[in-house]
């Protein structure tokens, strides 16, 4: 049996809000999780149980208070809680795709470039990168007239699909998905479900938050249940 | 790519008994953009001057790895070598373009100066390079003979960038490059910088008080207060999960558009 | 000394200590060709801009056996040239001349004589602005550093600007040179036509700026190159006309308006050269 793609041990995250009198908020603690290639694990639990925080901690966007997150990368392994910034960036560039809930828009950068730059950053030739980005945007029903525009003025659903395109334009070995279908209609939701299933089929390890029961049942192999930690 | 470009250790500068900056250490790799953020008086401009060799440290060292792989200690370099390095491998983009441009020399002359300093003596080729760089920084090549004073603030800033990048430096220091510009002009400059940094594989140390600028341009971030570094990390870590009280205050003070 | 030598003044006007100080500056300048040496410029009995730097150098080097020629824009007979000649005739009692080949010391404002200078001659230039980097860099400490570190890129920026604006290097006076491949030097406002004469000259060339308090020098047989671009090489002025007086085609010509209806003629700027050619033709 191959080593898991993601191996999480005793992971905990507590926020200390210094601007609010040093209030401590425990997001999650004691999380253990292994995810194998081709497997999809759904994070499940009530609002405030720390699902998004856990996803962000795996991506090393949040810095966990204790524990470790080891991911397979370049044939070795990297502990995302202890790695140097540039090592983390390398993991994000090559191994770890993250589809956040909200698209972060960069002024003046077109939708097409936003998606294609994920490929050019990996050394894919510009023409090919654009072609693949176009294909994906079309599949996700983003009207072609929007491709040259920065997505600042797009609807929530359009922005989310652009975000999904960014996460799927490359075949990341690991995908982290934070409510990828939350504001999508039925047809687009089915498209995204198919894309997730295809990613699993090629061996991606996936951790996701899926609000929609139907979607979760369609893509998840198992659930990790998170409960709201007691107040610190 | 797998060796640092800049090594900074224990960098300290006092102005008399007042602290400019104290005990700053970090490394910078090729292609990395590091943002130094903090309020005015936090020591970020002092640090930038120390890093670019324009100010001598009270203690500590800044070492730069040259194109031949040799480590050069900036404070210990002779003035001649330091200035040569500043003209070739390093660049400085000033907050005020007047500090970084020759205002009475045409745009083309400004762009060509570093090359002429390196011994380029072919007018036609210098002109060609000037036209090329005008285009790369989105300035109308037809205005190559105009003086910077005829340009808007955003155009002057782009010209300053071209003037620096023409020798293909490996490390550029930027001091609040977008402040003082209108928001739409800022966005254009940011976009341009993002492209140039990525396509040239530039390492950048960027001083800014604008956290949004830092998020868009920087890989890593260093938060300074009272001359000391209080928090470091990936730019998105520091902005999304700030740990130090001062960083939390900074981040919570951003106006949400 | 001749009978006309003035009494009550020191020989050649300046006191001996000042002359010694200036000679030391000259020696240093000769030792470092093209490098500007500061000196304690004295008040002279004429205003700045009339050649105080040149006069102090001449006063410091001239001996009783020297023969002095003074030219102003090539001419021996302008007020300034005549005054300076008579100044030294009266304070040093030296012989003066207008003939280039007879002179041992030639003080000049803005020309080098057409007749080739020879071994043993000294030419003293009057210099208004000695710092060639000044127009690009206002700071004196910065220009000194630039000279020390041979940072001369800005000189070509100026030439670049010329070509960008005029299609060619339009600078025609005080055209910058590189001395012995080291210091960039302002040759004083001589026409660039004269630049090649500075190169490998057998004469000693001394430059004095009174107001700016600088002395610099080109020793005999020193390499002097005019700055240029590969695709815009240095060129001297050429005229379609010949001198209206002596017919010379290879000398520097002045344009003279002869009436107020656009009439004009071209004549040699070097009056001694022109007169000699006329004499020799007769």
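The chains carry the letters A, B and C, assigned in the order they are written, with residues numbered from 1 in each.
Please note the rule applied: a residue touches a chain if its C-beta (ideal position, glycine included) is under 8 Å from a C-beta of that chain, and two chains touch if they have at least 3 such contacts.
Keep in mind that what you see is a predicted model, and the values were worked out from it rather than measured.
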Remotest chain, chain B as reference, centres from CA atoms: C
Chain occupying the middle, per Cα centroid: B
Mean-CA-position distance for chain C and chain B (Å): 46
Intercentroid distance (Cα basis), chain C paired with chain A, Å: 77
Averaged-CA centre spacing for the pair chain B and chain A, given as whole angstrom: 32
Chain C-facing residues of chain B, complex: 79-80, 83, 87, 102, 105-106, 108-109, 112-114, 116-118, 121-124, 126-127, 144-145
Chain C to chain B touching residues, read off their complex: 136, 145, 148-149, 151-154, 156-157, 160-161, 163-165, 228-232
Residues of chain B touching chain A in the complex: 29, 32, 187-188, 190-191, 194, 198, 215-216, 219-220, 233-234, 236-237, 240-241, 243-245, 248-249, 252
Chain A - residues contacting chain B, complex: 15-19, 56, 60-63, 85-86, 88-89, 104, 106-109, 121
